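In the two complexes that follow, chain A is the common piece, with chain B as its partner first and chain C second.
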Partner chain A sequence: MSSFNVETKEVNNIVVITTDGYLNNFGGEQIAAVCTQKMSEGKNKFLLNMGNTKVVNSIGVSILIEIIEKLQQVDGKLGYCNLAPIVDKTFKIMGISKYSSIFENEEAGINTL
Partner chain B sequence: MDKPKIELKLPVIPEMELIATHTAEVIGKHMGLSDDQAAEIGMALIEACINAFEHSLSTNNVFIHFIIDDESLIIKVIDQGIGFDKSKVEIPKIENKLAGERKRGWGLQLIKELVDSVEFESTQEGTTVTMIKKKNL
Partner chain C sequence: MSNELRLKQLELETLLEITNTLLEFENVKELLQEILDKACSILDASCGFILTEEKTSELFVPRVTFNINDEILNTIIFNAKRGFLGKLSHINDEKGYVEMDPMTLNKLDKEFSIVAPLKDKKKVIGAIILLDKELRTGISAFTNNDSSMLAAIAAQASVAYSNTNLLDTLIESRRFNTSVMESIHTGVITTNLFGEVDLINQAALGILKTYREDVVGNHYEIVFEKNRQLIDLLQRVESDSILLKESNHPLRVNEDDITVNVSISPLVDEEKGAIGLVIALEDISHLDKIKSTFKKYVSKQIVDQILENEDNLNLGGQELEVTTLFSDIRGFTSMSEKMSAKDVVDSLNEYFDKMIEVVFKHNGTLDKIIGDALMVIYGAPIGSNNDAERALLTAIEMQQKLEELNLLRKTRGQSPLEIGIGLNTGKVISGNIGSKVQMNYTVIGDAVNLSSRLCSFANAGQIIVSESVYNALKNKSNFAFREMTPIKVKGKEKPVAVFEVPYFKNDLFSSVEEKYYQIEQFLISNFPSHLVYHSIEHVKDVVEKCEQLGANEKLSEHKMHLLKTAAWLHDIGYIWDDKSHEERGCQFAKEFLPGWGFSKEEIETICGMIMATKIPQSPNNLLEQIICDADLDYLGRDDYFVISDRLFKELKNSRELSPTDWKKLQLEFFDKHRYFTESAQSMRSKGKQINAEKIANKN
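Right, the complex of A and B next:
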């Protein structure tokens, strides 16, 4: 089984989650767990740095939709950066880029969110 | 002369779909497909495989045939599962997914968007998804 890891840091009150590995249901649940924990601490801005996630599936991305829904309830924001072209394309086909933001890199995401 | 054909037999085990994408990557390079085209095939394959796994019993296998044509790659994903009624599959919309309980259900839409053509043949004995990706000539 491929591994999926997340690392978390906070910059300017934004929670930056760096992912590594295949974003499937297990990966999505790991991201959701971090977001849920941080939201309980009052955070509402999240940036996923997905530079090391070259492969996703729709189940994993569906969990990001759950996160977007929860963030809408607290006036929060979700962004992504360093997306592989196929991940970017998948997000656009699914339409999640309408309700969250795609940035070129981490710095752009932190400056804009 | 028969067209070159690669066959995979995958057990219904989580993440076996990655074997299919790795195989597609090698075939794509052999055919001279672009990195973007290869990635699109890989993503479509992931979705077809996870649908096949979901429709199958854990004791079933999923078969994948890659047929290399002069101008295209033909991929068949064949499962022995319970089948599905394509007419009952709704086109997913993000607005409805955000408001609704069920966030999933994107696989067929993604496949349609990522390959040049796709056909589904489904019976109670299984489903065959045939995807065609054309080479950029």
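Right, the complex of A and C next:
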């Protein structure tokens, strides 16, 4: 594991970002860049499919909080799906699950967001 | 809750989770990866790796990595005794971590590091290395709090690592044991205290032709339900706690019978005593197959010798001295033209059965059956010092057995079979000869060819041997040889010396007169020519007088038969031995008269008569008296001087004997001699007296 990759697609006007790798400063920045770009295009609903991200650090989480703050300004929403248990637990302890939604899978996230 | 507090909670939760979950891992690598991931996550490291010691060197090697360039990492040498790793064993509670040296950091393109040791007791067995603490604004050095956290994680990780390592060692050890069990050819089965099968290896599954799931967990009485004998053995070991071994144990497997060597021992626990059984099975059915295959070619005795010590076996190409026997049926081709195919095959099979039985009786190696011919080797693959003797005994017995077979054939209206046999001893090349597809053990060479030529030369019923066989056996008292005119054989420039071996045919069924005729012919063929007195004429004279005296003494037909047989044989020993001919005659009688249907007691009676004729005569019963009187009947007859003249000549052949000495010898003999039977006394006493006077008066 030595890199972080994102893939982006749009389903039902929802931007689905699939991540792969350590969600740290570097990974968080890449997600933020995608979100900023899409928000500038008028998108305000984002779903992070984190099935291939098994480890996050606090910097990665803080970047996600920054993204949530930006989305709140445009009445947008951020959701996560396919979280590894440890990531799920970290999100809950760090409090971000209060401001964003966690879904079991991508389909559930798309249907709900 | 402030962010700091959340982070602190996360740290504590993570530490607790590490403590709780580390023991769940059964695999060291998975465990270390989990530790590293969590350490990086909780301490915001951009990347990290864990080094563990290489058991075969002083180097540490990256075992797991996180978010780092593995290619570069793998080029770095981590010496356990030098650099930052060397410092790890000296760290204390005040500063529970060290940092990597700048050169290594540079190679990894990193700026900051934190290193904590993994320890087993006090020995450093590995290290957790985290690199570049991340901040939202960039990277920074790790803090003291981080070092405490990492030290705590490392301490927990060390315990888990040691335990998991131990578990790995146990798993490896178990795998090793399983691998050993699976790789051995001996079938091994273990049972528990309740007699249920705990473990069965692949070899045992193969032997029992079963599946693991059908055996494991079942009681041995179910597994071996068709093998009561084995169950009895298992129960004995269970009750007596003894080790039992049994060779050639029959085992019923499905519908097949196999043979195994079994070893059963109690499985013993130091504290609890016997806690089960260990059953070892060695399938030796293949040995049975080898035996049965070999038995087609050699006798059981040879097979056992070969299997007992394979060193005895000379299967490679090598020069050996062997005696080769060839036999074939005379005129079988023309005979078979008049027979149906089935009769030809049946006749040959019956014939070969009888002959091969004789071959194996004398431990010959059946080399080939070629049509109606047999080739047998003595001396390969296992040699002995009596190869030629066994070969000749085989030849004689083959001829005798054939007589028996012919009588049977006669009752079925079939023509008799007659064989000629040739024997030669000589150096041959032995070995497995043939193509890759078919290879047979055989011998080749001139010596084999000569034996085959002698066989072709032999007439029906004849045994012809070469000079080498004659030389090997001429001093053996149980064979007679008659030198024949040397014969010219293909491949030899000079004619080769050949000898016929006269033998006494087994004859259980022909008439008494026919049997006497056989003896007469045998004596005519074999009496040495220098014996002018002890000749066939003398024997026939004694037989005639025995008949006469026996009639006078009113002998039964049976006793007369014994008497006449003894008379025919009383001088047969001269063929082999002048000096102890009576003893040799008895030996001959004991060897051959059973083949004529005489019982042991009858043969003893006959031998008693033969021995009684030894000078001075010493008869113990009427029959012995009769033969003694018949043997010297001529002492009182008119033809005494004709016969005694032959004796004089014969004696002179072996010693100096003047006419005066001869006269003296005769008179002394006449003086000591007396007739034992009344009829001989009445018939010959007067004549003997007259003859004695004539000798005395002779100048």
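The rule we apply is simple: the second predicted complex is superposed on the first by the 112 of 113 C-alpha atoms of A that agree within 3 Å, B and C clash if a C-alpha of one lies under 4 Å from a C-alpha of the other, contacts with A are read in each partner's own complex, and residues count from 1 in each chain.
The criterion applied here is as follows: a residue touches a chain if its C-beta (ideal position, glycine included) is under 8 Å from a C-beta of that chain, and two chains touch if they have at least 3 such contacts.
Keep in mind the model is a prediction, meaning the values are calculated, not measured.
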Note to self: Going by the contact rule set out at the top, does A:72 touch chain B (first), chain C (second), both, or neither?
What the structure shows: first
Check: For A:21, is the partner it touches chain B (first), chain C (second), both, or none of the two (neither)?
Finding: second
Next item on the list: Return first, second, both or neither, reflecting whether A:90 touches chain B, chain C, both chains, or no partner chain.
Entry: both
Note to self: For A:55 in the superposed arrangement: first (chain B), second (chain C), both or neither?
What the structure shows: both
Check: In the superposed arrangement, does chain B or chain C reach more residues of chain A?
Finding: B
Check: Does the superposition put A:63 against chain B (first), chain C (second), both, or neither?
Finding: both
Check: Where on chain A do chain B and chain C both make contact?
Finding: 1-2, 22, 24, 55-59, 62-63, 86, 89-90, 93-95
Item checked: Residue numbers on chain A that touch chain B, as the complex places them -> 1-2, 22, 24, 55-59, 61-63, 65-66, 68-69, 72, 84-86, 89-90, 93-96, 98-99
Note to self: Can you tell me which positions in chain B touch chain A when the two form their complex?
What the structure shows: 14-15, 17-18, 21, 35-36, 39-40, 42-43, 46-47, 50, 92-95, 97-98, 103-104, 106-107, 109-110, 113-114
Note to self: With touch defined as at the start, can you tell me which chain A residues reach chain C in the complex?
What the structure shows: 1-3, 21-22, 24-26, 54-59, 62-63, 86, 89-90, 93-95
Note to self: With touch defined as at the start, can you tell me which chain C residues reach chain A in the complex?
What the structure shows: 1, 6-7, 9-10, 13, 17, 37-38, 40-47, 65-70, 134-136
